[in-house]
Amino acid sequence: MISNKTEIRITYADTDKMGYCYYGNYPRFYEIGRTELMRKLGLSYKELEESGIMMPVLSLNIKYIKPAFYDDIIVVETFIKEIPTSRIVFEYEVRNQYSDLINKGETVLAFVDDKSRKVVRVPDILFDKISKHL
Amino acid sequence: MISNKTEIRITYADTDKMGYCYYGNYPRFYEIGRTELMRKLGLSYKELEESGIMMPVLSLNIKYIKPAFYDDIIVVETFIKEIPTSRIVFEYEVRNQYSDLINKGETVLAFVDDKSRKVVRVPDILFDKISKHL
Amino acid sequence: MISNKTEIRITYADTDKMGYCYYGNYPRFYEIGRTELMRKLGLSYKELEESGIMMPVLSLNIKYIKPAFYDDIIVVETFIKEIPTSRIVFEYEVRNQYSDLINKGETVLAFVDDKSRKVVRVPDILFDKISKHL
Amino acid sequence: MISNKTEIRITYADTDKMGYCYYGNYPRFYEIGRTELMRKLGLSYKELEESGIMMPVLSLNIKYIKPAFYDDIIVVETFIKEIPTSRIVFEYEVRNQYSDLINKGETVLAFVDDKSRKVVRVPDILFDKISKHL
């Protein structure tokens, strides 16, 4: 299993009138989680894009357990548990500074050729970096 | 079945460097969809909150099918298909101006007492408005 | 003077824990205002971009007068008061549903060639549409 | 002069179809800058709010000089140069990882009593922390 933890501070912009971090901010936090996981693996998403591969999101699931509040520091733990094919699954667990589970979720992303906008198989360079850990 | 359609114009702010509407904007568009559906039912979410009931989101699922692009007018169709209990399920289908299905999703929301922050049953006033259509 | 009014409904996503529409949302609302003003003039920003001209923002000023609240319908009135050169100035007045002035502001945008990323003069097609009203 | 530097990574969510960090994201980055400056002074904005004082924004000015791009690490340097009265002025300079100036700006914020929603003078506890450096 591959994983990485990233800290994010909840800003005023993130809050809503309930005083909670708005539910629609977490997809952005999940993006930060998977980006930092890829960077740790040694292939940044930016480099992958520059090599001509984009990774659009195919599905998103979030189960909200507790709210996060203004100025909380949340920790997004991101996991890759399976070898990617033409898709890659990232799982997420978000905890607050008291280690309470805030939410958990999953995104599935495709590999798409920048020019043709067609789905392709996982690039070898990414496959190699992941498969040696799984 | 209860449903409502709401049009939303994709702004520059909504786009990302892929040229697509960023995947993380759709929870916000779903919020607009369910808010307008409630308004059409005759009980705005604002009035419900003023009566002391909040509706935090318990889960979110989105299946992304096609991208939306800058300046597209998307139509968020929102559905209530089941009588709510202590939870209410909203389903969503998002189409572009060519009637292509962009994505579909679901949110489950709780009813929570503003003061105690405890889960409560669906308020009678909302139950009545929904049950007469289902 | 050229002007246009656009209505925007304040969403839950827009609010912050103070219960106000977050101050950082107004640049997005100003974008909607100037986009709809250009559409009314007969040259959408999308068409302008497709012709190879981008309009990055050079400066932004906002004077906040009153807060907007959840579910308010604000009206963004956008003005062009001067013939553009290599820059175009949009002014904005935002009012709520009670006609209270919420804020006023100004953005200055450049015309930039998509390929060279150099500043250019206002495209003739836009100049013609504006100058006949000023 | 009081100042603090905060690093922010530009996410995919922050980008627009021009490939730039959207102009409307900087007010959020400025918020992060001033929040971290206050934390460094020893009085977090959260604590100030808990003591009954809110700080709504009265005005915002930004001069955009260069774009920031996806995955850039920008540094928001935030300054307090004047003793606050019933208002406090924060200035900002944003640079990218090559030390290029991206934009500079200013926000003026009021001190408002949470209950009465009236403007008040700078709280003594904040005045003391600022005045000993200026």
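The letters A, B, C and D name the chains in turn, as written, and every chain counts its residues from 1.
Just so we're on the same page, a residue touches a chain if its C-beta (ideal position, glycine included) is under 8 Å from a C-beta of that chain, and two chains touch if they have at least 3 such contacts.
Quantities reported herein were computed from a predicted structural model and do not represent experimental measurements.
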| item | value |
| --- | --- |
| Same or different residue numbers at the chain C/chain D copy interface, by half rule | same |
| Chain pair with more C-beta contacts, B-C versus B-D | B-C |
| Averaged-CA centre spacing for the pair chain C and chain B, given as whole angstrom | 28 |
| Chain C-chain D separation of Cα centroids, rounded to whole Å | 24 |
| Distance from the mean Cα position of chain D to that of chain B, given in whole angstrom | 33 |
| Multi-chain contact sites of chain B, meaning residues that touch two or more partners | 12-13, 24, 27-28, 31, 70 |
| Chain B - residues contacting chain C, complex | 9, 11-13, 27-28, 31-32, 35, 44-46, 70-71 |
| For the chain D and chain B complex, residues of the former touching the latter | 12-13, 15-17, 19, 22, 24, 70 |
| Partner chain D, residues of chain C touching it in the complex | 18, 20, 23-25, 27-28, 31, 54, 56-64, 67 |
